[in-house]
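Let me give you the structure first, and then I'll get to my questions.
Chains: A, B, C and D, in written order; residue numbering restarts at 1 for each.
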Amino acid sequence: MGAIEAPDLSYAALAPLLFVFGAACVGVLVEAFTPRSVRHPVQVTIALVGTVGAFVATLLLAGTEEVTAAGALAVDGPALFLQGTIAVLGALSVLLFSERALDPARSAFVAAAAVPAGSVRDRELATSERVQTEAYPLASFAIGGMMLFTAANDLLIMFVALEVLSLPLYLLSGLARRRRLLSQEAAVKYFLLGAFASAFFLYGLALVYGATGSVRLSDVRVAVVTEGGSALMVIGLGLLVVGLMFKASVAPFHSWTPDVYQGAPTAVTAFMAAATKVAAFGAVLRLLYVAFGTADWTWRPLVYALAIASMVVGAVLGLTQTDVKRMLAYSSIAHAGFLLTGVIGLGPDGTGYGLAATMFYLVTYGLTTLGAFGLVTLVRDGDGEATHLSQWAGLAQRSPLVAALMSFFLLALAGIPLTSGFTGKFAVFRAAIEAGAWPLVVTALVASAIAAFFYLRVVVLMYFSDPAPDGPTVGVPGMPTTIVLAVTAAATLVLGVLPGAVLELAESAAVFVG
Amino acid sequence: MTITNYLVLAAILFTIGAVGVLVRRNAIVVFMCIELMLNSVNLTLITFARSTGTVEGQVIALFVMVVAAAEVVIGLAIIMSIYRTRRSASVDDVNLLKY
Amino acid sequence: MNEVVPASVPVDGLLSVAWLVIVLPLAGAALLLLGGRRTDRWGHLLATGTVVAAFAVALACTLALTERAGRTVSLDLFTFIDTGNLDVTAGLLFDPLSAAFTLLITGVGALIHVYSIGYMAHDPGRRRFFAYLNLFVAAMLLLVLGNSYVALYVGWEGVGLASYLLIAFWHTRPAAATAAKKAFLMNRVGDVGLALAIFLMFAQLGTTSYAGVFGSVGLLAGGTVTAIGLLLLLGACGKSGQFPLQAWLPDAMEGPTPVSALIHAATMVTAGVYLIARSAPLYDATPTARTVVLAVGAVTLLIGAIAGCAHDDIKKVLAYSTVSQIGYMFLAVGLGPVGYAAAIAHLLAHGFFKAGLFLGAGSVMHAMDDSVDMRRFGGLARKLPITFVTFGLGYLALIGFPFLSGWWTKDAIIEAALDRGGVSGWVLGGVAVLGAGLTAFYMTRLMLMTFFGRPRWEEGVHPHEAPASMTAPMVLLAFGSVAAGFLLVSVFPLSGWLEPVFGEPEEAAHLVSPLVVSIVVTIVVALGALTAWLFVGRREVPTTAPARVSPVVTAARRGLYADTVNESLVMRPGMWLTRALVWLDARGVDGAVNGAAAALGGGSARLGRVQTGFVRSYALGILGGAVLVAGALVAVTA
Amino acid sequence: MTDVPWLVLMIVVPAVGAAAVAALPAAREALARQLALAVSLLVLLLAVLTTVAFDPGGERFQLTTSVAWIPDFGVDFALGVDGIALSMLLLIGVLVPVVVGASWRDTPLPRPGRPARSMTAFWAWLLLLESLMVGVFAATDVFLFYVFFEAMLVPMYFLIGSFGGANRQYAAVKFFLYSLLGGLVMLASVIGLYVVSNSQLGEGTFAFDALRQLEIDPNVQKLLFAGFFLAFAIKAPLVPFHTWLPDSGAEAPIGGAVLLVGVLDKVGTFGFLRYCLPLFPDASRDLAPWVLVLAVAGIIYAALLAVGQSDMKRLVSYTSIAHFGFIALGIFAFTTEAATGAVLYMFNHGIATGLLFIVVGMVIARGGSRQIRDYGGLAARTPLLAGVFLLAGLASLALPGTNSFVSEFLVLIGAFPTRPVFTIIATVGIVLAALYVLLMYQRVMHGPPRGVLLVDEDGPADHGAADHGPADHGAGEHGARGGATAVPERGAGGATAVLEAPARARVLAVRDLSGREIAVVTPLVALILVLGVYPQPLIDLVSPAVEATMSDIGVDPGGSTPAAPGSTGTGGTD
């Protein structure tokens, strides 16, 4: 019986994860041991400390390239870059969560999720200041899971991370204070479909394991090179991709997205739209580039097709939406397609601009969409947020600033120059064309032209239509939301006008290890 | 018995689970079907662990069980809450959000 | 440089300010248009002054020109357009031909300005009228003085504009407005021909100046020259109201009478003759084109004469007469070197007597409260003695009464036509003679209906002689009508004067002796006049045109159906086409765009149905997708 | 003089002005428009100084500034002008102050039961638009050009959308999407160009001069050319990509329409000259016949449609489409004369059609309706207005003596030697031009009083009798396009209000030009006449650039025809 030699853990390299997970655990304890009165501020602080700490850690770790935890985790450029992104987006989302100025009941989250919606107790609680503060630890767990997701160098870790990020989200989407039925419905749908999809991922994992005898990405890579793609393995790959694409809400695995985005509390939707996308694509990139980078002939056509499907579905279905959140959901589906266009841009043996471009796009899209959803929380009427488009008519006359900001974010999503959206699109399209995929790019451009229509429709409504007499009011945001909007708007502008620094960062970070 | 049989059995179980998800209305049952899918995967993993002579498979199976347990907790919580609201666990009743 | 256009010698002295001829009236126009009401009181005097001054300068220049060897000066002003191979210098070519025209334009122009002072005395728009007149004079002078086809083109369209403005001078009358538009459009059709001719010259020779083009006619392929000739002819027809573009000229009579006299009788409409005469070197190189010119001239002179016989509108009769007379001139220039001088001579003489006739007509209208219906005239000889005398002299000159202007110039043309010999010679000569007879007929008819017989005036009309400012020009023009022909043919033979332009006038061997020709023509003319007397002189003229008349008369009344043809061939199809295209653009082209948008929207709505909201259907979608993906991958790898 | 960054100033000044105006409270409209006028005049001054600093004989691109912008994409913020671009800058400098003057008293379309909106935003957008337009023409970096090209849409979109006619939303969105689609397809080509440069030069660049050196495979060239061409053909616009223009031109406020047709659309033809020809010479040569087909078809087609219009602003828009056909003909005829003519055309058309739009706007301001049939006999009441209207019309039909003649003549005479057939067909457009101009002029200005001037009380009810001919078919067309366009259009600028007003008031509302209006039209009138008589300075300004472009596509810049004897100089020069 030799001594068990424990796998070496480079705690330094794991610092970002430790920060967030630590914050999460502390948060749970706080729920247990602090009086309800002080919970909210404390929880917010903890969550912020965790995320901000994680972000700082990633900055400090910049440049490290090591495989740790017995090869299960790869702390490399992409991992750190995306972890940093997720940390920032997470922090901003937490700020959105913590907004107390807008809702008369001082929070967008339910007082007690366990109380059945519409019951007497529920009506009592509807106006109480009580809040389900578990939202913050849950968020922290989700953020941690996402960061783990991007660093997973091992299919098993990837699966665990997938669940760690998903399960809290399932709950969070059910925690809306207003329109609880919709919120709960969103939770159920998200949960059932999420579990269903992860089952596919898991089966794929099993098949790949069977085909290669290992779940370590590096080993898989070797195996792919040596024995080529056996049917077993490609099917496994396919199912893995299915699981990931579900999270990235790529058509045809997008069907949950509109419903969940619409039903979930807007802050949570923002969080999902921004951070989950980043995490999911982090995993996609790692899986495809590291494990199957040498066998790109297997997945390239697949991604090609998925990209087109996603862009078309997102752009076309978005045209007829009447709900802002739902419209943004379809926009996120379309953007998933654009991101895949970047994924295509993997050059021979890992070179190529695709990785950097995709990562940059993730940053720009995440920040912009977060800001857009943040604005949605401001436009309210009697029963919470007024998300129906007709209610946005003539908003420019009610609140020029909100209208201007929204238009700016929408133009960014449409990819108009001098916004981050354009720089991002340019980057991924360039990558794709360099990889010779110009038909895909043309499709993408036409799709974005179509998508531009529904973005414009909102602008038209806000500026060129007359407000309905009993239209919604525009709430005065508190400090948190204000910060979020300021940061996202500034980022959208800066990344559009002077993207140089971030682009360089992305390029320098675009090297996988393991 | 060759490992193929185990794999096929697992595949069949997985399919049954998947089909179950599609055909059953009760949220609980749907969820159970998903659990069935997970377990069929476990079977696959064990089989491959055996065939490839590596232990990862079995380790992973353990992980999966844990995760599944966690999933159950979350899932039942959600389903319960909506059941108490709607007095129904049918997944077809929850379609306010559409189009 | 060949001898047709002698090399210009450096210009000095008076001739170097020849540009004043153009600038003076132009300045007048600008001043009157920009000056606004301030100039209302003295504007007309200024305008008249500028033209008189221009005439003075022109006269001086012409005298100066006679002293010069080669009698040709070319005057470069500034670079108009210079890029690539194209180098257009804005410059003047002052040679006998342009000199003759300049004198005609400024001279007759001045007289008509004077006349207008009286004629327009009570018109609120008098200032505007004189401004336009000045503008016209300037443009016309540019047309005849320019030293390149481009300069000519500029003047060409300039006179078109002036003509448009003046025809539409009384723009509240729909008829006037429409007539103006019609005139401009038909001219534009001709202009396209002129423009294409210029393009062709540039494409072939890389230049558009007279000197350059005429200097290298020899380099052109026969076909090209013919093409250029025909295109130029198209332009000429448009401007001079020749077949097939003659329909606008009679309508143009909607304009004030002085305009009809100056623009639509004396000067502008003769620009076509000038163009062809000026392009003599080109036409000399292409008999084909020249023959077409002949044909056009012959046909038009008949059309004009026939239509003239049936109209009761005094101005319309004169207008058709103009068409017909210009037909003579085309016929003449079509004959080539033998005809050029004759054509110009007839042109100048015609300028005098036709202007005089129009002014007379104006004076009659002035007396008859602007009525133009000859059936309501009659017996005016006693009421308007001066008008009667001057008009009568113009009439005699026009029909070619022996030893008056028309007799000299028209007979020359007829002789030249006959001298052509062969069938064509006889045919053309015959046509010309016939035309003379018809001219005599319709002019006599006009005279009789207007000045003789019993008054058939509307009640309340009290004819009175016009003021001196109107009669004086008429008198002067009458002298011209009498003497011009004699002077131009015998005293100062124009053919000699024009020698630098058209070369030595060859003495053609006369197939028919001039004397015989004169006698025959005179007889035919007498017959024509007699017939007219039999028709309208002997018996009472009904005050309304008889409705039941022979198809010939109907045809004549309707200008030989020129308008009908234009309408049915051009206007209506054009309107249908426009209508169709408007529909096509809205439904077809734009429809496609909107249709695509609608299709997307519809597709979106239909596709949206897939989003049923049922978890299980979503799950089905995912499962289907998964199967698809796995299947596809296997297919790809296997 | 030359070391001053004139171009940067020309971009920055209006942008800053826009910001300042936008910062003003909505109530301070008067101050806003005064500020706008001041800024636009300052830009005009800058444009003039720029021209002074520019040496026609010197480098192809002058007054250049270049700062690395996005190094990772090899993008520089590079500015510089050749004669062509400079002429466009001058056009902008001249037109914007005029537009400010013309829009001085404009108010947004009144909305029933709502307080009138403020015009402050209008002035801000206008200045921003000016800044971006300058940028488009001054950019020498393809990426930068593209950025300006797309960004330019936004202000125009808001100008049309918030200050346009009754149907403005449809027009604005149509304009934006149409242009955006074109722009995005161009983006594909832009990136493609970048990738090619990346592969050929080692590191990707967007610098125009560098890209011009590339040796691109002909087939690739065709693809890239197609991308650029589509964008420019939509912008220019060439038939059949034109249908957005009549809507935008008709719905836009007059000021917006002037800049839209006068400058914005020139970006398309400018793009042909600056990007399509030099960057893809082979493709340009191979595809020229097809482009010419579009161009010539457009000349005839659009002219006929103009004849058929019943709405003055739509009519003018269609005339512009025809004119753009001439410009395209001049560019793709590949001769120095024609190309020079095309550039002049771009400038002159801006002036002439700008004036036409402004005058039409003045008529509409009086009558309150865009329908030709609501007018008649105006000349009797407003001689001055009629005179300017006529002059603008004559300039638009290229009458000698007006600036447009020079350009049209150059285009045709230059195109004839290489493309006789196309040219001959195009000359038909000359006649049609006369037709549509004179038809509109006669119906609006001539004849007895009609429509708004009708004193008997049935007001515009006399439409049927008003006049027959194409106008009515046009009306039919409008009706067909759904009440959306037909009926409310009459409401544009409160037409119905005016037309229902008692006849006396209605007639009295029709006065001749005011002092302000005279001041607005005078500069344009002067330019039309001066450039009509003495265009050579402008020609000298643009010729070198044109010749450079011609040599880029391997055409002897000397000129179209082999100099034949007698071609050396003309007139008395020999």
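Here is the rule we use: a contact is a pair of C-beta atoms (placed from the backbone, for glycine too) under 8 Å apart; a residue touches a chain by one contact, two chains touch by 3 or more.
These are the chains along with the protein names UniProt gives them: A = NADH-quinone oxidoreductase subunit N; B = NADH-quinone oxidoreductase subunit K; D = NADH:ubiquinone oxidoreductase subunit M.
This one's a predicted model, so the numbers in the text were calculated from it and none came from an experiment.
Counted as hops between touching chains, the shortest connection from subunit B to subunit D is 2. Centroids of subunit A and subunit B (each the mean of its C-alpha atoms) stand 25 Å apart.
We define each chain's centre as the mean of its Cα atoms; on that basis subunit B and subunit C are separated by 96 Å.
We define each chain's centre as the mean of its Cα atoms; on that basis subunit A and subunit D are separated by 45 Å.
Inter-chain centre distance (subunit A to subunit C, centres taken as mean C-alpha positions): 79 Å. In subunit D, no residue touches two or more other chains.
Across the assembly, subunit B contributes residues 18, 21, 30, 91, 94-98 that each touch 2 or more other chains.
Within subunit A, the positions touching two or more other chains are listed as 188-189, 192, 196, 258-259, 453.
By the definition of touch given earlier, these chain pairs are in contact: A-B, A-C, A-D, B-C, C-D. Residues 188-189, 192-193, 196-197, 200, 229, 231, 234-235, 237-239, 241-242, 246, 252-253, 255-256, 258-259, 297-299, 301-302, 305, 313, 316-320, 450, 453 of subunit A touch subunit C in their complex. Within the complex, the subunit C residues that touch subunit B are 608-609, 611-616, 619-620, 623. Against subunit C, the residues of subunit B that register as touching in their complex are 18, 21-23, 25, 30, 91-92, 94-99.
Interface residues of subunit B, counted against subunit A in their complex, comprise 7, 14, 17-18, 21, 27, 30-31, 34, 37-38, 40-41, 44-45, 47-48, 51-52, 54, 56-57, 59-60, 63-64, 67, 70-71, 74-75, 77-79, 81-82, 84-86, 91, 94-98. Of all the residues in subunit D, the ones that touch subunit A in their complex are 69-73, 111, 114, 146-148, 150-151, 153-154, 158, 161-162, 168-169, 172-173, 176-177, 180-181, 184-185, 187-188, 191-192, 194-195, 198, 223.
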